[in-house]
Amino acid sequence: MPETTEPLLSVRDLMVEFPTRRGILRAIDRVSFDIAEGEVLGMVGESGAGKSLTGAAIIGLLEPPGRIAGGEIRLKGQRIDNLPAAGMRRIRGKRIGMVFQDPLTSLNPLYTVARQLVETIRTHMDVTDHEARERAIALLDRVGIPAARRRLDDYPHHFSGGMRQRVVIALALAAEPELVIADEPTTALDVSVQSQIIDLLKEICAERGAAVMLITHDMGVIAETADRVAVLYAGRLAEVGKVADVITNAEHPYTHGLMGSIPTLTQETDRLVQIPGAMPRLNAIPPGCAFNPRCDRAFARCLIERPDLIERPGGRQVACWLYDEAQEVAHG
Amino acid sequence: MHRLARMWDSDIAYSFRRSPVAVIAAVVALVIIAAAVLAPWIAPYNPFDSRSLNLMDGFSRPMEPNAFTGNVYWLGTDNQGRDIFSTILYGARISLFVGFSAVVFAMVLGIGLGLLAGWRGGWVDSLLMRIADVQLSFPSILIALLIFGVARGFIPPSMREEVAIWVLIVSIGLSDWVQYARVVRGATMVEKNKEYVQAARVIGVHPARIVVKHILPNVTGPVLVIGTIGLALAIIAEATLSFLGVGVPPTQPSLGTLIRIGQQYLFSGEWWILLFPSIALLALALSVNLLGDWLRDALNPRLK
Amino acid sequence: MAEALLQIEGLCRYFDVSKPWLNRVLEREERQFLTAVKDVNFEIRRGETFALVGESGSGKSTIAKMVVGLLAASEGRILFDGQEMSGTSGAAMRTLRRRFQMIFQDPFASLNPRWRVGDIIAEPIHTFGLLKGAAIRTRVGELLDTVGLSAADAEKFPHEFSGGQRQRIAIARALSSNPEFIVCDEPTSALDVSVQAQILNLMRDLQDEMGLTYLFISHDLSVVRHMANRIGVLYLGRLVEVAEGKTLFRAPEHPYTRMLLDAVPDLALSGRRRKPVEGEIPNPIDPPPGCPFHPRCPLVMDRCKRETPREVPTATGFAACFALEQETAA
């Protein structure tokens, strides 16, 4: 992707915390990444890694008592993490759209699709009711709902799962946002519908020049859809880089193990790569690198110091001491 | 000890410690319960022993020496010379005994029928729930009265006094089982479809065993909350029935009986016969009720 | 060739989804039936892993439940080691039940939250009266060890374990009666990828050590490819293709299988040209006449709309497709 001078979304040292009675739980611990205009960034991680929380923090929908405890989020240079509720409402929908996982709950079952679309359009754009309806019909048509004009006044339960998710995508794009955050948009769908939805998402965002932050645990979806990928582990970034690079040549030991443990349609090995142990719970993250207990290449420094993202060739970033140039460690 | 420490540190205990209402309610309830249980030892007089009563002691004012006998009673005496304080203690004893037993009876019946209805479904479920619906359309006191009256018809007069308390327990219990049954039925239907029940069925475990050993432990949570509030209601139900004169026999007065007596003499100036038992009943019912409220909120995962 | 441990013949299952009688009378509606499974035939040989793969509405979970006796078959026969399942009951059924077990999809719901792990694992042992007293404790300890946990875990409750660990407990429970055959209903779908790898490896190791036979239900084609010797593809309750593992992926015969394989987002094949997928799965209450796949099939002919295709033998199995019939005839 052509590098613009300023990224569309810039996240720096984001920290999200949950105060509990046993102390403060840090769910996201100094995460930094950028999304360029029009690019698709995949955010991948296992459950509990914090990917959904990152999306929620960006769009300002963190559920209390969770809160942003530090860092900055900038949308085209403007800070959005410290806006008051009214300011965030203007951003949400107009400049950042969201596609949630479960279309059953993200559409209000009591309102027609027309009402939900028109309401969103009119909230963020200065158009008449009639114009908003026409836009809504055009949107539904674009996302592949047959007979859009007629179906506009149907209720969500009249649509099948895949159709509903298309409506949700239409809703997210109704106000022409610059960034769309999609949180597990295909997880609840059948395989054949999944491919239709991710193709649609990719096309329609490319058309409108909207960037996409695609949050998922499914590396296959990322492989087909994203330009770059950010791998989260226990609330920290392990690796960021171009999708093809990361998949074929993962540098962080966790990413490497992860890629090896995913069964594919073409592999010839009999045993899947197995990373011993499990991701630590948020209240039991070991000191130093969070992955060190499970890493077969850990050494002394990994147990004491937490690695920050180290710049690597080709736009890659890895949070691993193996790649610290000051360290004379032979690897490969 | 380690287990107690873990319980103290648990989420429920924490929520309890943090809620002043719960703590006060618990203290009040415990005090009353303890006093009632220990009544035979701490009450200065035995109000049930008719021979010890002296009519001349009647209508003594609280803390004032009696005009005739010179005895001082903390809370005064009633029309028959019974010490109000002692009668409250013994009366609370009866109220608590009847209340607990009625609730236990209603729980056993309600849980049993709820499990049956939830597990079997179909016509068994429909039948039981229709019976429950019919019963719910009658006020519970009326049902208790009805059962009480019917029982009286069957029991010969000589036995009435001994059996009165058990009839009372059964009638209050029978008027109350529906809420337990409904809750348990709903929870059973949810649990029945869960995979651990299916796993047991695949193994071939007998359905009765599945219901008792697998489902029952998982549906009793809300029952506890209803039970606590049900206890308060049962206590009040007993008081109501005794107030109406169809509860405990007059020789074993409960709080309700005292309130009835006190009501008769309220306007002739002997206010203490009504006031103190009423306060005792109020305190008991309210504290149990508040404990139940707190328990329900503490156990509700959504409010966390 | 190993003999068949499980044989399924003409299996059908219908569900009555009609509205209550009064509604039907008032609204003048017919009774409605959902055909979840129709005319399914396959067999599973001793020691192999047979996978049933399909999307929602394919009937794979329904078949799994019928095989273990949780649901009755509407039509057809299920034969376990030559013995028919539907007729048996009582003591004979109990002897049969000892020989198979089931692992479920949701590791959080498949273990009773109020029971200790040791009791959960020992339940089959108790039910079948296999051991008594201290021997049970020892056995439970051994089983926990086999699945990669420790004997001390028997005293804990399920909520103290992670999803992957709970699934190991479920596997230990399934193994406790020494079964020959285990039905696995989406055992790793609810688990993270790296945990899934651990569980799949464990299942394969156990199969090698104990000579187990698996019926593996999944919607994830890559997992199925890794685990299964033979695979059956279901569409709307019908078995459209059966083939040997890798062959299915190298040379799929049925148009639906081809469409499915094309649609899977895959790590290694990213960037390949994909044909866009047509349509969605139809409503199982009102399936299309003839071949259920015909509205979406690129090879559709007139015949497909009227008749249901028969099973046409292929290199390693069969496929139910008229287009194939023509090819082989030609």
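By written order: A, B and C. Residues from 1 in each chain.
Note that in this section contacts are C-beta pairs under 8 Å (C-beta built on N, C-alpha and C of every residue); 3 or more make two chains touch, one makes a residue touch a chain.
What you see is a predicted model, and the numbers here were worked out from it, not measured in a lab.
Q: Which category does the touching pattern between chains fall into here: line, ring, star, complete, or other?
A: Topology of the interface graph: linear, an open chain of contacts.
Q: Given the contact rule stated at the top, which pair of chains has the most C-beta pairs in contact?
A: Contact tally peaks for the chain pair A-C.
Q: Averaging each chain's C-alpha atoms to get its centre, pick out the one most distant from chain B.
A: A
Q: Using mean C-alpha positions as chain centres, tell me how far chain B is from chain C in Å, no decimals.
A: Each chain reduced to its C-alpha mean, chain B and chain C end up 52 Å apart.
Q: In whole angstrom, how far does the Cα centroid of chain A sit from the Cα centroid of chain B?
A: Once rounded, the distance between the two centres reads 55 Å.
Q: On a C-alpha centroid basis, what's the spacing between chain A and chain C, in Å?
A: 32
Q: Two or more other chains in contact with one residue: find those residues in chain B.
A: Where chain B is concerned, no single residue meets two or more other chains.
Q: Going by the contact rule at the top, pick out the chain A residues touching chain C in the complex.
A: Touching chain C: residues 46-47, 160, 162-163, 190-196, 198-199, 217-221, 223-225, 243-244, 247, 257-259, 261-267, 271-275, 278-279 of chain A.
Q: Show which residues of chain C lie in contact with chain B when the two form their complex.
A: 68-70, 93-94, 97, 101-102, 104-106, 109-115, 123-124, 127-128, 170, 173, 177
Q: Where on chain C is chain A touching in the complex?
A: 55-56, 162-165, 192-198, 200-201, 204, 219-223, 225-226, 249, 259-271, 274, 276-277, 280-281
Q: Which residues of chain B touch chain C in their complex?
A: Result: residues 194-196, 198-205, 214, 217-218 of chain B touch chain C.
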